[in-house]
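For reference, the structure I am asking about is given below.
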Amino acid sequence: MTNVVRRAAQRTVMFVAALALVAVVWETYKAVGPEDGGTVLGVRILPRTSEYAMPHVWDMFSRFSRPEVRGSERTVLDAVTAGAWYSFRLSVAGFALGALVGVALAVLMARFKVVQRGVLPYLVVSQTVPLIALAPLVVSWGGRVEIGAFVWPRWLSASVLGAFLAFFPIAVGTLRGLAAAPAASVELMQSYAASWTKTLFKLRFPTAVPYMVPAFRLGASASVIGVVVAEISTGLKGGIGRLIIEYAREATGDPAKVYTAIFGAAALGLVMAGAVVAVDVIVMRNRPKEAVS
Amino acid sequence: MTAVSIRNVSKVFNQGKPNQVDALSNVALEVKQGEFVSLIGPSGCGKSTLLRLVANLLEPTSGEVVVNGKSAAQARLDQDYGMAFQQAGLFDWRTVRKNIELPLELKGWDKSKRSARADEMLQLVQLPEFGDHYPWQLSGGMQQRIAIARALAAHPPLLLMDEPFGALDEMTREYMQGELLRICAATGTTVVFVTHSIPEAVYLSNRVVVMSPRPGRITKVVDVSLGGERSEDTRNRTAFFEAITAVREGLRGMHAAHVGLGNDDR
Amino acid sequence: MTAVSIRNVSKVFNQGKPNQVDALSNVALEVKQGEFVSLIGPSGCGKSTLLRLVANLLEPTSGEVVVNGKSAAQARLDQDYGMAFQQAGLFDWRTVRKNIELPLELKGWDKSKRSARADEMLQLVQLPEFGDHYPWQLSGGMQQRIAIARALAAHPPLLLMDEPFGALDEMTREYMQGELLRICAATGTTVVFVTHSIPEAVYLSNRVVVMSPRPGRITKVVDVSLGGERSEDTRNRTAFFEAITAVREGLRGMHAAHVGLGNDDR
Amino acid sequence: GGSDEAADEVTEDTTESTEAPAAETCTTPTPVKLQLQWFIQAQFAGYFAAQDQGFYADQCLDVTIVEGGVDIVPQTELANGNVDFAISWVSKALASREAGANIVNIAQVFQRSGTLQVSFKDKNITKPEDFKGKKIGNWGFGNEFEIFAALTKAGLDPAKDVTLVQQQFDMVGLLSGDIDAAEAMTYNEYAQVLEAINPATGALYTADDFNVVSYEEAGVGMLQDAIWASGERLASDAAYADTAVKFVAASLQGWAYCRDNVEACRDIVLAKGSKLGASHQLWQMNEVNKLIWPAANGVGFIDQAAWDRTAQLSLETKNLEGGTVLTKAPDAEAYTNDIVTKALDILAGLGVDTSGSAYAPIEVTLNEGGN
Amino acid sequence: MNRITTNVGKVLPALVFGVAFLGFWEWAVKFFELKPYFLTAPSSIWEQFTGNFSLIRGAATVSGTNALVGLVAGTVLGVAMSFVLSRFGFLNQLITPLAIALNAIPIFVLVAVLNNMYSITSEIPRRIMVTLVVYFIVLVNVARGLTQVSPTHVELMRSYAASDVAILRKVRIPNAVPFLFTALKIAAPAAVITAFVSEYFGGSQNGLGSRISSNIANSKNAAAWAYVLAACLLGLLFYTVSVVMENLNRKGWVRQ
């Protein structure tokens, strides 16, 4: 247990170090880099260093302590924290929904080859349908869909869009994992005349874990993106996505401010991914470790 | 009554492809209820394949396998047999105890009953204190013993065992042989047993089936008439040595000519 | 000269945790250049662990391992040994031939030389026609033979073998034993060999080391004085039987008391 | 000074209007949903003022104002029945109507177009003809029709003669020189430019740094913010038609309030949670007023000539696909002045000045970042 | 002959499903008299698709090129990085959280930042964006594939005193290959969608994304969906290529 805590602490320290490193690189480049970017063969490869392109790190962070709008009690930090927390809850809902759908689809596809052949290509296609084409449709469910006592809340549309992005990597990764069970173990289960479902739970899911973990990590990130995009595109208030675009509109006058919201979104993604990693550590704790090197 | 009836079975892998292998060719064998039959033969002669066919993990290319009067497939569905594979094949994510309980879980036994049986089995394979370890923390021989415990746990009427004692030391091996015979006698279990050890085959079996490779065929069946009870003494009886010699000759002859000698004495 | 020197080595797994295992305790052993030493003992007594320590795949908890006058780590880096594991551990995605060539690739041999050696090895293990198969298309014994071929391919000066002949039938086993002895004699190879078969240990070795479990220790070392050359005849000589009896007694005594008898006769 | 007097008027307004509900008692206010096209800002001040000042309540309406998002098409929300009224530009809404959305313009709030094309002085872009060969910024999302109209009128092909670049949410593209001329609303993006620091001087940019092409002046101005209602419900549902009249009346009353109380409306918008700063919102309020007032026929009245011009431009203007915004002239049902006329009558009864003939804009000083 | 029938058997369910879906869609639009602003019929989408084919092809080329460049760059970068990370644990701890954080920022926000850094008229920011997305997907999967190897295999290699590079080449990479293909299957459609989502809120209006957004805003749904169709086809093409590559790779050693 203490070991786990120590590892977590170590990771945090490393992350802070990494951030510091990025800040140093950013400022160094800003100091020495060409104001108007560097071009190679007429293509701009090196970014510009102007205030619009790369605000100073301290400028970005100093924005956190300013009031959000003049004269208000609420600082930008408060606003970003509140927004991130709001979006976090939507993302978790979206992720849960996406994971449910993704795993269910993977199981169906693993069970029935016909389903896999019939559906998988369309899952791929679904991922190339831009949210912009779907968002208005999903949003229109808000307040209109009523099933019994359940009224479709507006935020659920955002979560659904998060789930829409999250389910795909989860479905593909899980499908691959379910197929990864060693033939010898499958034979063993066959020799027990174990039903497909039994084999699924006792053998295929455990062997799929190494494949599912990265899939869930991608799904967690995707869910955040989906929710944030949905907030922007559907005009849902309260979340970090909305903040990003509101601050982005101020970028002409205050290019540093939008970074506060961007950082908020990044932190959100980290928390989501961190949760998946934590689950991974717990689930995989009793698997054979790779030979110590 | 016949427990296993293998009727003119052939098995070809990769049929029609350049790497085609005739694993079994025209194999016929009857195993009576309660009988202990060993398969012996050079590696690659199709022993594991034959066992897989009986277990309905493979379909014969031609011929038929009948188990307990039903098709092999039905017998598998009815869980008429327990099987121990050549590779231990334990599940890494389950503790030793949970590995043993697996077939019981699938039969729907309740927790306390499962746990009691697992304890009993751990005792049987002399690893009572390793129940909560994970398989990869055990030595090779220990893993194999767990796999045996798993195969025996549900007390199946038919046991299919593929070199189960291969990785055991002599002491443990003799102990396990004794236990296996004791259990089988008490429950009337039929056993089809693959081994490379001639004494082991003779000591355990009512009949020893000698096979030859490429294509895998039965070349000789040696009846062992050692009577019911076996003991340490058994290993010193003439019938024991005679049977050993008979099996050895079956194997040698084949080794010399590599083509079966046709001395199928059934 | 000493090929392997194990100095008061102990190994504890999961130290301080509830599932702590004392795998080896105060083990000391010297293996001379060109000597053939077998380790024998009940399963779980630490044979594989000891081999892994020599191979520097594990670090001892205390004590020291010296190989060819250098630290075990250095010896590993210099590729002073070849190893055959208890599990065949072939690579599924490589053909049999490619599996055998692996250590040669790592030594940077060129293609034609590798291919020639692989052919030679396939011949040695009597599987010349299986070079282009994939491991899962082979029987258990065949896989093990490929693993042996892989260990021998680079002609290493020290061979560490963990129950290499476990899954082989008697004929193949005797043939492989002969080949192993022939190769070792010709090249002066030192061998540390784990086996469960007393006759095998005696037949092959200059010395047989008997171990006891929990904690793993050396309880007896039996010198086998059968002279240089071995043949079919060897197996009928009195010295052979005497050594077998000595080893068996070492094992029995231990089995009876389970606690070592302290008859460490070095 | 003018705003102080205006403030006085407001108090009169409110006292008058508080008397109004006494006439017809309001027990349960009618719920109404209004869809905006964009975020909360002074562009929509009139509606927020009507809400804040109780004009809607006076009309026995309970109005919920729904903010827009980048992918929310207000007229589609309206046609789908998610909201009761929507704010949308005329050309965009007509395109939806042609695609089957039965929506009707019931009040033309903005009488003029507020779209500009802004460029640095040194680019010498003073009229649409100068766009040739330049990188022309626009926002996409249907806000580019006037640019296309100007290009068509100037004899240029939008697909070939200019490079069209979509602008981001900010004006950085223009300021960094990536775009030669950027689309800007008088009331918003133009102000953003003027709130930014000129690195050359260290002070804010001034109007002198830029050339501005006004589409209204170039003769291709299209009608912008209008209130749209569901045609189907107007025809079949008398209560809805009645609500529409009340809604338009109260909204226009709100706009009249904002004309006279520029700073109060700025504060209302800020209080509603707009993130853009105070001086920016004040500027925006003032500029929006300029687009509405004076309204010769009464605020919200749809001017046949302006309507026809918008329709004609939509028919002629080629978009990037080479098609036109509209393929056939809009039918007569696309707009109606019936409702706004009734609404103006109500307002006249309340004594609200609906033409603003005496309207004069105020002077606004922009601060850095619009604060 | 046999091969052909089995291949038909493989695509048949997809075809049946697709045709049924489109049929239902078309029928629903007709039957419920859905207005085009709400939902357009597949037939009119197809009409737009064929009618504007050269425009659509042009836009698809722009976005497709961005997606392809990003896909290749991201894969190379992701694979390379996962090698480095599996080799140097501390770098892993340093970089992985950054990658995750970067990946949690919505695409177009990052593109907006990149647009300001490079130029709003440049395709570079979009390609960088696709690269980032693909990179992350590849990294997460391949890194897992590189570490989840059989302990026996690693021990064997260590007994050969194999260098880390050799272990990487002989054990980890072969083991990671299936993981890479899983990643590619996820990344292929992701690359396409990223390429045109990067076009939504800024930049040259020559790709699929900007065409989709402006057509939707103009209630030209059929035209918008014609571009969406092109996007789908592009995504499917990328996906199919990665599946074909996977099958080529698996031929032989995988147990049926």
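The first chain written gets the first letter, and so on, giving A, B, C, D and E; residue counts start at 1 in each chain.
The definition used in the following text is that a contact is a pair of C-beta atoms (placed from the backbone, for glycine too) under 8 Å apart; a residue touches a chain by one contact, two chains touch by 3 or more.
Everything numeric here is computed off the predicted structure, so don't read it as measured data.
With centres defined by CA atoms alone, the chain at the far end from chain B is D. Chains A-E form the pair with the most C-beta pairs in contact. Centroids built from CA atoms put chain E at 40 Å from chain D.
Annotation: 87 Å between the Cα-based centres of chain C and chain D. Here the CA centre of chain B is 27 Å from the CA centre of chain C.
Chain A and chain D have CA centres that are 37 Å apart. In chain C, the residues that reach two or more other chains under the touch definition are 57, 87, 136. Residues of chain A found to touch two or more other chains are 48, 52-53, 131-132, 136, 183, 232, 248, 251, 255, 288, 291. Annotation for chain E: residues touching 2 or more other chains are 112, 116, 119, 151, 155, 158, 200, 213, 216, 255.
Listing the residues of chain C that touch chain B in their complex gives 13-14, 19, 21, 40-44, 47-48, 86-87, 132-133, 137-142, 145, 162-163, 166-173, 196-198, 248, 251-252, 255. Interface residues of chain C, counted against chain E in their complex, comprise 52, 55-57, 76-79, 81-83, 85, 87, 89, 91-95, 102-103, 105-106, 134, 136, 160. On the chain E side of its complex with chain C, the touching residues are 150, 152-153, 155-162, 166, 170-171, 174, 177, 252-253, 255.
Put simply, chain E touches chain A in their complex at residues 10-14, 16-18, 21, 90, 93-95, 97-98, 100-110, 112-114, 116-119, 122, 124, 136-137, 140-141, 143-144, 147-149, 151, 154-155, 158, 178-179, 182, 185-186, 188-190, 192-193, 196-197, 200, 209, 212-213, 216, 224-225, 228, 231-232, 234-236, 239, 255. Per the touch definition, chain D reaches chain A in the complex via residues 39, 66-73, 76-77, 80-82, 168-172, 175-176, 189, 192-193, 195-196, 199, 270, 273-278, 368-371.
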